[in-house]
Amino acid sequence: MNWGSFSAFIHMGGYAFYVWSSFGVSFALLGMEIWLLSKRRRTLLKRLGQIQRLNASKGSR
Amino acid sequence: MSKVNLYKFSAPATFYGLAGQMIPGFAILSAILFAAGLYISFFVAPTDAQQGEAYRIIFIHVPAAWMSMFIYVVMAVYSGIGLAFNTRLSAMMAQALAPTGALFCFIALFTGSFWGKPMWGAWWVWDARLTSQLILFFLYIGFISLQAAIEDPKRADRAGALIALVGVINVPIIYFSVKWWNTLHQGASISFSKAPTMAHTMLAGMLVMAVACWTYTIAIALYRVRLIILERERHTTWASEILGGAK
Amino acid sequence: MKILAWVVKRDLLLAMRRKSDVLTTLFFFVIMASLFPLGVGPEPQLLKQMGPGVVWVAALLASMLSLGRLFSADYADGTLEQMLLCPESLALIVLAKAAVHWITAELPLVAFAPLLGLQFGLSEQALWVLIASLLIGTPVLSLVGSIGASLTLGLRGGGVLVSLLVLPLYIPTLIFGAGAVDASTSGLGAQGHLSILGALLVLSLLATPKAAAAALRISLE
Amino acid sequence: MFEASRLECVRGDSRLFSDVGFLLEPGGLLHVKGPNGSGKSSLLRMLCGLILPESGEIKWNNVNIRHSEDYNQSLTYLGHLNGIKDELSGIENLRINCGLAGFDISEEQAYDALERMGLEGREHLPVSVLSQGQRRRVMLARLLVARTPLWILDEPIVALDTDAIGMIRSLFELHLDEGGMLILTTHQEMEIAAKTIQEVRLNS
Amino acid sequence: MKILAWVVKRDLLLAMRRKSDVLTTLFFFVIMASLFPLGVGPEPQLLKQMGPGVVWVAALLASMLSLGRLFSADYADGTLEQMLLCPESLALIVLAKAAVHWITAELPLVAFAPLLGLQFGLSEQALWVLIASLLIGTPVLSLVGSIGASLTLGLRGGGVLVSLLVLPLYIPTLIFGAGAVDASTSGLGAQGHLSILGALLVLSLLATPKAAAAALRISLE
Amino acid sequence: MFEASRLECVRGDSRLFSDVGFLLEPGGLLHVKGPNGSGKSSLLRMLCGLILPESGEIKWNNVNIRHSEDYNQSLTYLGHLNGIKDELSGIENLRINCGLAGFDISEEQAYDALERMGLEGREHLPVSVLSQGQRRRVMLARLLVARTPLWILDEPIVALDTDAIGMIRSLFELHLDEGGMLILTTHQEMEIAAKTIQEVRLNS
């Protein structure tokens, strides 16, 4: 174990800003990619569902 | 003739299901690996004698840099296959990989400069490796913008494939020219000292993180390619069956 | 007024549809500024001195290149003809179009300029002055550019001709814009340069829409 | 009332026409005829104020169009060019074109107009993928919602199929019937019923 | 072969008709290179160091901006369609067109470059190297550019998209071109750089026409 | 002999047509008909090899056009777009277009062709100043000198006046008479005498 205390861990030997920014932003970006993709999936399904219902109602007419 | 057609039309459809089955496995694997990798990065790997704790950035920086290069090559391979055999799926795979590749490229640039500031005192220097990474980023952006600008998916696939291939031929040329450019000038530029011979744990941490990034990329690319397939094939019957089920 | 709202709405809509346009202007700016170190060499001292000038020249060129978007598409497909016939002052329409051009083509550049400044090793204070000078100076570019864009409508080689007409007019903006940053790094204070930029802005707001409207009428005769 | 007198047009070295004049009353149709290159398009652009005549005068309600306040609001001009944006959909193009001409239409109105123009199901496609005739229809859809009294149309029915031509014809007749005025060129035969029909024939 | 002669003849004729095009590329080059002293300030030492890089970057941008001329007019008016249907290899036609592009857009720049070099205070020897590097390097720009130009045909925002695609690919040429001049001023000899430029030229002569032809077919589908 | 079988065309989401086929012999005329947007232009471009068919085959003298050596030399395709340069004169445009198509014509021949197209006195004007119909004539002049057996023409007579249409018709008849083949779309009625007349009707 490298760290004497939690605050030492957070402090990162004086490099907290750089280390945590790097890791934080990196994982935030990965998370954002996942979020954007799932949003894209939701809107896509909704739009396709609309098209399909439209087609179905047209077909039955 | 009919066999080719069958192949052409069924491939995305079957792949859609296959990809759906593979995604959870890779996603879980990547979550586990990321957790393990982060644990090694922060709790197992010892403090570096020269750089202090700042060196821990290496555990995200280097895997991201590797990924950005690998992904471009994989994209180009898919593109080549797509152009040569006119398979739609490989073009879609290239398209699905590009944003993730660009993302890792950006992460490498970002973490690199957040490492550079404490180490060199500058956010950016015109080092050969840094510069060629930046150019790689531009190549990704070019590929993505070109595809985004083309409405017709068939044309977008083929145009994108062409530029990916041209780009991949140029990457080594760019890399060596940039390297030569930098070393010839030398001058006041701060020399890029390689990290001291790495401890085994460091190497292990980097490798675990790299594999985690790989599994993440695979899962995300499969997810994205499913969306692309669905968008493209929405008028086919199998797609509407899936939609019926998904509602 | 309603017509102006339509013009703005339409141009913004088109920009949204052509998101790639906005993004590519931005990336052009970034790539262009990154070319210089490659041409000139990696010495940090040299780059630091060149920095403000290069960023400003890059912004100027990026903005100039996107001038083509201002009218030419509308000209080619006949929309501009319709605008001339519409019951609203043409100068106001030009102003609205220039405003949208600024928002879509130049505001993003201003947002990204600090990043480039960092690449050239500028200090924090210099970065703030850079942003301020770009914020005041770039609308001048859009406005002055609208004259050039309208004069060269439909001319062969319009793209390059525009630069020929417009670049000389951009020079004062460039000098005071880059000068402001230089002044602040050399400790002289950027106030003076910035207020001259402001004066240029006011002047061009007053004069250019009318001139561009006249130029449009000439081009469509 | 739309009136032109002793119009003369010079392009390059050649005098295309001179001494062209007419008086158009509400409900009147003016057909401009002549072979290729005789100056029909030039005359129409002149009537809109896009070209200045060499000599002669054009008056809208007894005011020269160059000084008229409301001429632009009373006019709908459609030329050789379509004036539609490739990237936008039919709906967006139509709404924007109307907005620019000074009258707003709702999404439903636009939808309706395009449907009547036979573009059902294609309202939301970018017009770049439409066929020549379909693009022309998007442009012409404006006539369905325009409330201007004076229409000046340069070869409106080029590239249209027979169905579309029929529908455009009845549209013209309705417009004239309601007291509108129409100035038209076309090389295809087109019989339009109108209160008064005039013809200007240009020769090259 | 006869068809190729027609392509060359035609493109040269069009360039003669549009003399302003050729001239404006040239003026763009000159103005652009002259903007830098304005943006950066007048120190001779700084300018001398920047000189080769700035001239090369200016040449690169000027050539890139004129890429639009390469195919887009032919695309818009349907001539390109006809070229695809003509009984001659499309790659050769592309090569012919790129050659004319080089003659009309870049050769004049090479002729004017020494003047700009003088403005930046380059030595006589450096000027000769500058000319040599431009002569070998600029055809690469035309050839590589033809790929970008053909891929972006008919796309919205084509002009800027081209730069995005093409500028990264121009970088090796820029580095070795400007590097040659730098090397000669610092007494290292430009031979090495120039031969690499030559290799780049041969490579792009072999590879790009086919790629651009494929791109044209894709764009016209 | 020009043959197409079971052609299918998909654009965007919609299948424009499927199972289109025909066999064209020397002297034969094929008229492609259909309303706006039914896929006529797409079919013609497909026959030229500019669009790849989704399925089906196109053969020139029993060789698939994609592998045929001489197909491009046998073909003259004129589309919606004029393919002429605004800055060049009619003469220059014509000579260059012919040169690009693989056959050279002399200045006199070009002069003669333009004169026959009714452009007398305008041969040396830049085409940018010509009217719509005159530009179309410059493009069509190529048919007067082309010696290719297969003509594929997309709405050739748009914007032409009646005189010009008459002259184009007799040109077509001459071509067919001499054993040429002609594939054509037009929305205007055009009666052409030919040995065999076929029709392909597309519906949307």
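A, B, C, D, E and F label the chains in the order they appear, each numbered from 1.
As a working rule, a residue touches a chain if its C-beta (ideal position, glycine included) is under 8 Å from a C-beta of that chain, and two chains touch if they have at least 3 such contacts.
Every value quoted in this text rests on a predicted model; they were computed, and no experiment measured them.
Residues touching across the chain C and chain E pair largely coincide in numbering: over half of the numbers involved belong to both copies. The angle needed to superpose chain D on chain F by their Cα atoms is 180 degrees, rounded to the nearest 5. Should one ask which of B-C and A-B has more C-beta pairs in contact, the pair is A-B. Inter-chain spacing, taken between the CA centroids of chain C and chain E, is 25 Å.
Averaging C-alpha coordinates per chain places the centre of chain B 32 Å away from that of chain E. Between chain A and chain D the centroid-to-centroid distance comes to 53 Å (mean Cα coordinates, whole Å). For this pair, chain D with chain E, the centres built from the Cα atoms lie 46 Å apart.
Multi-chain contact residues, meaning those touching two or more other chains, occur in chain C at positions 17-18, 20, 24, 27, 31, 38, 41, 156. Counting partner chains per residue, chain A shows two or more touched chains at no residue at all.
In chain D, the residues that touch at least two other chains are 86-87, 129.
On the chain B side of its complex with chain A, the touching residues are 38, 42-43, 45-47, 52-54, 56-57, 60-61, 64, 99-100, 103, 106-107, 110-111, 114-115, 117-118, 216, 220, 223-224, 227, 230-231, 234, 239-240, 243-244, 246-247. By the touch rule above, chain C contacts chain D in their complex via residues 2-3, 6-7, 9-10, 13-14, 17-18, 73, 76-79, 81-88, 220-221.
Every residue of chain E that touches chain B in the complex is listed here, in rising order: 147, 151-152, 155-157, 161, 164-165, 167-169, 171-172, 175-176, 179, 182-183, 188, 196, 200, 207, 211, 214-215, 218-219, 221.
Interface residues of chain B, counted against chain E in their complex, comprise 135, 138-139, 141-142, 145-146, 149-150, 152, 154-155, 158-159, 162-163, 165-167, 169-170, 173-174, 177-178, 180-181, 184-185. Those residues of chain A lying in contact with chain B across their complex are 1-3, 9, 12-15, 18-19, 21-23, 25-26, 29-30, 33-34, 37, 40-41, 44-45, 48-49, 51-52.
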